[in-house]
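For clarity, chains are labelled A, B, C and D in written order, and residue numbers in each chain start from 1.
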Amino acid sequence: MRESLTALLDPEATSRGAWHVRVASGVAALIGIAAASATGVAADRTALLVVVLVALLFAVAYAARVWVAGDRTAWARSPRGLVHLAAALPALALLANLARPGTAAVGFFVLPWALELTVLVPGLGLIPRVVRNERSALITVGALFAALLFIAATLAHLLEGARQPAAFGTIPHALWWAMVTLTTTGYGDVVPATLPGRLLGGGLMLAGYAVLALLAGILASGFSEEVRRTEFARVWGLITKVPLFVDVEALALCDIVSRLRVRTHPLGAVVLRRGTAPEAMYFVVAGEVEVRGSGAPVRLGEGTFFGEIALLERRPRSADIVAVRPCTLLVLDAAEFYRIAQQHPRLLTAVESESRRRQDSRL
Amino acid sequence: MRESLTALLDPEATSRGAWHVRVASGVAALIGIAAASATGVAADRTALLVVVLVALLFAVAYAARVWVAGDRTAWARSPRGLVHLAAALPALALLANLARPGTAAVGFFVLPWALELTVLVPGLGLIPRVVRNERSALITVGALFAALLFIAATLAHLLEGARQPAAFGTIPHALWWAMVTLTTTGYGDVVPATLPGRLLGGGLMLAGYAVLALLAGILASGFSEEVRRTEFARVWGLITKVPLFVDVEALALCDIVSRLRVRTHPLGAVVLRRGTAPEAMYFVVAGEVEVRGSGAPVRLGEGTFFGEIALLERRPRSADIVAVRPCTLLVLDAAEFYRIAQQHPRLLTAVESESRRRQDSRL
Amino acid sequence: MRESLTALLDPEATSRGAWHVRVASGVAALIGIAAASATGVAADRTALLVVVLVALLFAVAYAARVWVAGDRTAWARSPRGLVHLAAALPALALLANLARPGTAAVGFFVLPWALELTVLVPGLGLIPRVVRNERSALITVGALFAALLFIAATLAHLLEGARQPAAFGTIPHALWWAMVTLTTTGYGDVVPATLPGRLLGGGLMLAGYAVLALLAGILASGFSEEVRRTEFARVWGLITKVPLFVDVEALALCDIVSRLRVRTHPLGAVVLRRGTAPEAMYFVVAGEVEVRGSGAPVRLGEGTFFGEIALLERRPRSADIVAVRPCTLLVLDAAEFYRIAQQHPRLLTAVESESRRRQDSRL
Amino acid sequence: MRESLTALLDPEATSRGAWHVRVASGVAALIGIAAASATGVAADRTALLVVVLVALLFAVAYAARVWVAGDRTAWARSPRGLVHLAAALPALALLANLARPGTAAVGFFVLPWALELTVLVPGLGLIPRVVRNERSALITVGALFAALLFIAATLAHLLEGARQPAAFGTIPHALWWAMVTLTTTGYGDVVPATLPGRLLGGGLMLAGYAVLALLAGILASGFSEEVRRTEFARVWGLITKVPLFVDVEALALCDIVSRLRVRTHPLGAVVLRRGTAPEAMYFVVAGEVEVRGSGAPVRLGEGTFFGEIALLERRPRSADIVAVRPCTLLVLDAAEFYRIAQQHPRLLTAVESESRRRQDSRL
């Protein structure tokens, strides 16, 4: 039982069960937040009951997560473990306090449950890695942002302070306007009224746009680079399931791995449609597909490939391919297929002979 | 007749007739929306008549689309078929209701007509493909967004709830402010008033900018990658019309295809101007151009190429090239031309001999 | 005189005189706009006089531009010619109307003068080329934007029309809110008040962000690609001034050209500073620099190169390099220098022998 | 003493002490700004005392910076020197004025202190270099922005001037609205009320988004290119500390350098964790790490490398690697490792033999 529970609670697992567990946890967190919020408005007994139930659920879930963890101390001290602990603690507070529930206390329970949402998503581990990789660029842009903010607030205080003392009377007050303007949020609750103030505001909008564009560029390129690195590691792990690549030496394999993409298809999905232009070939690393062409349907399981005929013979697809079990496929785009075929002719020969063997056996 | 109608109604066709049909459908949808909107204000008989006419038009168009569809059941169940059906249904509702038209009923007709706008545009099929390809990255960013939203709303409720109960009294209320701030829309209808609330707001603007920058980066790169893939398939289909490339083996051809761009020119457009710097050579895959140089004008039709002389001899263009019929051309940039010439010397020889043959025959 | 005027008025010229002419025209346009605006407020005689003077200036400038144009009819019909004509016309209107100047008439003069600003900038020709290149992607995104706009306005009208009839009573009214929200401008003059309306608004902000991100991605990548193409043509024209490259065959040259960048330095600028890390080598295509090392200063003019020694010997710069006349240089980054040296060893040999010759002659 | 002070005050130094000096200067500037701001509200003697102390601190710091500068005149005239001078001057003003401090005078002190924030951050030198590199593209976009601004303001004045004379009565007034709309800030203090005005506003939002997207694209790509160039120079300087690369000729080395990334790890950081998938190999250029595998721990110092075994043998990490002193490492991603191994087989052989030697010696 512990093993199946481990699989269900693994935050990076992609199985259907683990997905259901994560969705259920997220929904429970949202219901708990809503109920705790409702107890804040009126002393509602039903809402309080829901809060207690959700709190108990998270306490039990925390115990289960500790139980299945490999190194329990390390897990309990990791960021993920601390968030789960924070989500479990309200249960204790409630038990200690159940006789006379103070509404204010209930209000504070919801924050750890909102944090729960962040740790339920696979892939969120990317974000801290991106931040660490791009640290020095982010510090540069952050410092530029802070300096602009303080310079603008100081100038605004000097230019507008006399006319609008409530909004610009001190630099801390002017900072609020500078922040709202620099991010181009523009609430409009505070607006410069003098000509120099408006010139400053216009310059600040432009400067803010430029700085935030730098931030966007750094984060977007850092994210896509980290995704590429993660995808490489993922394909590297999956490619061992394709016999075709077993004999390829590590150096050439690396070149191929960096050109494959992972795609998953649910049961019944049509992967290829007869008559369409060929744009890729596919390798099955999990699940099973069925070839529905002119002859009897053929099933292809783990380790096989398909879609190579239309690429080799440069003509439209001759069959539908349907996923008869949930599938994980490696996709090789047409352009990349030809490029690899040029650079690794032995691989092309292997694909061609296997392709011919399958066609012959079907006759 | 059915064939020409098929061509006119094909949503991906690029002919002039199909374009007119699409524009007319879009204009009819906009007129119908405006008229239905007008009947909502006053019981206007003229506007109602227009609504009835547009409704009938879409009903007839639906019948025609079903008639020309290859596999009618499949088409009727496709997203595109369902949108067209939704646009056709108001006609039935109107016929059933014409004696006493309820204005509220009319109001609801306009929504399917607004949806019609989405299916009239070729290329919109790209969007769902991009979303499917980038699914896991989009889920990560979406979850980050949701978590930020709920954490910010919870904190704002705790920090500002007592001071502004109408805007921050419950977490669902505070979510509206968090959403308006996180997307940097900044209506300004709800604004934090306390210092901690403003710090939270400032942080939220920055966080929102960062998350939306990630979203922008993922969508923009996914879109451009999908456009590249579509362009590859399109050039791959068109290149067979150029005899020069018939003997090139598939592997080398792929390399060339990925460097060509498709451009269309209307009748009378000047493709090249005499005296300008050479920046590309061109292959004609549809239509006809006229070379207007020092000698008698020469016409070049499908399968020919031009613009190579200036590249080979490194000097400005010696003639105007004008489209005497609407043209589809494949464009090869100067830098790519030289790169391909280096890697495929036999192709360069073929271009040079054909170029010399054409110049000799003109003398 | 006509020749020097041609050089001064050439909109793409980079000479100091042409630059002054363009700046003066822009300043005149701004002064004219301000003066015409002032006459709109009060019947100010001085302002009117300024308007008349600016109008006459633009009329004279138009005559001069027509005079120097190569093909006058073609120029007069080009977009640039039409804008200059529009800027010249107010003079005629003023002369016809000078006795009784109607203020409304004066107000309209300023628009062509604002348009003048667009045609004074070299490089603005890029924008229409980018739009033409990315036409199909822009149409897709534009249609998506329009469809979102109309769907959102229709839904908002249905959801909020009863509660806020002034803002959402008709679909055209609701369109204003949809536009302000979809672009995340968020004036806040119209804000949804119901829960479904707010959910719609939140979704619209996100959708708007996604669509505008696509637009941004398309424009930014299209612009950078067009800049790259323009830069290639520019370097291609300049590289003929460097004797080192004269014997390089076109195919190899192309590879080199695509790796060079053009940089201009004003008189007295320090191009290189002694003791800094070597990050590039430089080719002089216009102007003159002075090498201020340990020996007597040496001057290098058009066609020479410098900065190669530190790259070849992997050590810091041994001299300052100062521009003794305004310079145009081609810059080759260190990483590109080594890459080219690997691929074109004969070029490396030529650089090394010329470098040694210059060092020897200095002893 | 002067040497250690030089190291502490070097604005690009990465040592812990220099970092502390910079953080302390930034905090002092923020405290000074807050205190000066407080004296603006009330004649607060404590705040004034803090202002005096901070002013003295910056005056002393300026003297120290001048003392340690290599070329004092050049430093004093550099932008950085001028900012430090401006931050030091308030001390003199205060000394001259201490008897009767005018609050207005105090208000102006804070601006140079806000500027101090900009010069404390290493890496900010990138920004002016990016602006210089992308100058012509930035001028084009800036001119487009200015032209849009003036055309929109002129049109808004004509369309809305009669209805809202306070906001659109003159073109300078209308410019404020145009700026707020073009940057999509959208304060909402001025909003068009007529239909043509709203159409103009909608178009302006879209145009603004497009122009600012161009600006963002130019800045982001220029910034990332400059970062790449800086990183190349930095790795180039560090790589000489790895004996493995000493015999590699400059041309091949350049290829390797452009694929390495610099990463720093604080004392005690876990660089690699046993059991994880191999995604990179590492070169130690400063500091020391400890290999904690199955045998006795081994320490690796400057010039060594680790992490190659798992890449060569394609299996998970067999040991933890922990930084036992603060480390600077060069990181080579798995994909790049295999690519380099393919292109430079002699380097691969050297890595393999050193790796085997180390494993043997451990037995």
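Quick note on the criterion: a residue touches a chain if its C-beta (ideal position, glycine included) is under 8 Å from a C-beta of that chain, and two chains touch if they have at least 3 such contacts.
Keep in mind that this is a model prediction, so the values were computed, not measured.
S.K.: At the place where copies chain A and chain D touch, is the share of residue numbers found on both sides over half (same) or under half (different)?
M.R.: Different residues, largely: of all residue numbers at this interface, under half are found in both copies.
S.K.: Can you spot which of B-D, A-C or A-D is a repeat of the C-D interface, where more than half the contact pairs line up?
M.R.: Overlap exceeds half of the contact pairs only for A-D.
S.K.: Suppose each chain is reduced to the average of its Cα coordinates; what separation in Å results between chain B and chain D?
M.R.: Centres of chain B and chain D (C-alpha means) sit 38 Å apart.
S.K.: Approximately how many whole Å separate the CA-defined centres of chain A and chain B?
M.R.: 27
S.K.: Multi-chain contacts in chain A: which residues touch at least two other chains?
M.R.: Residues 172, 184-188, 216-217, 220-221.
S.K.: Residues of chain A touching chain C in their complex?
M.R.: 185-188
S.K.: In the complex of these two chains, what residues of chain C are touching chain D?
M.R.: 30, 33-34, 37-38, 40-41, 107-108, 110-111, 114-115, 117-118, 120-124, 126-127, 172, 176, 179-180, 183-189, 212, 215-217, 219-221, 223-224, 227, 263, 277, 279, 312, 314, 333-335, 337-339, 341-342
S.K.: Contact residues on chain D for chain C in the complex?
M.R.: It is residues 133, 136-137, 139-140, 143-144, 146-147, 150-151, 153-155, 157-158, 161, 169-172, 181, 184-188, 191, 195, 198, 201-202, 205-206, 209-210, 213-214, 216-218, 220-221, 229, 232-233, 236-237, 250-255, 257-258 of chain D that touch chain C.
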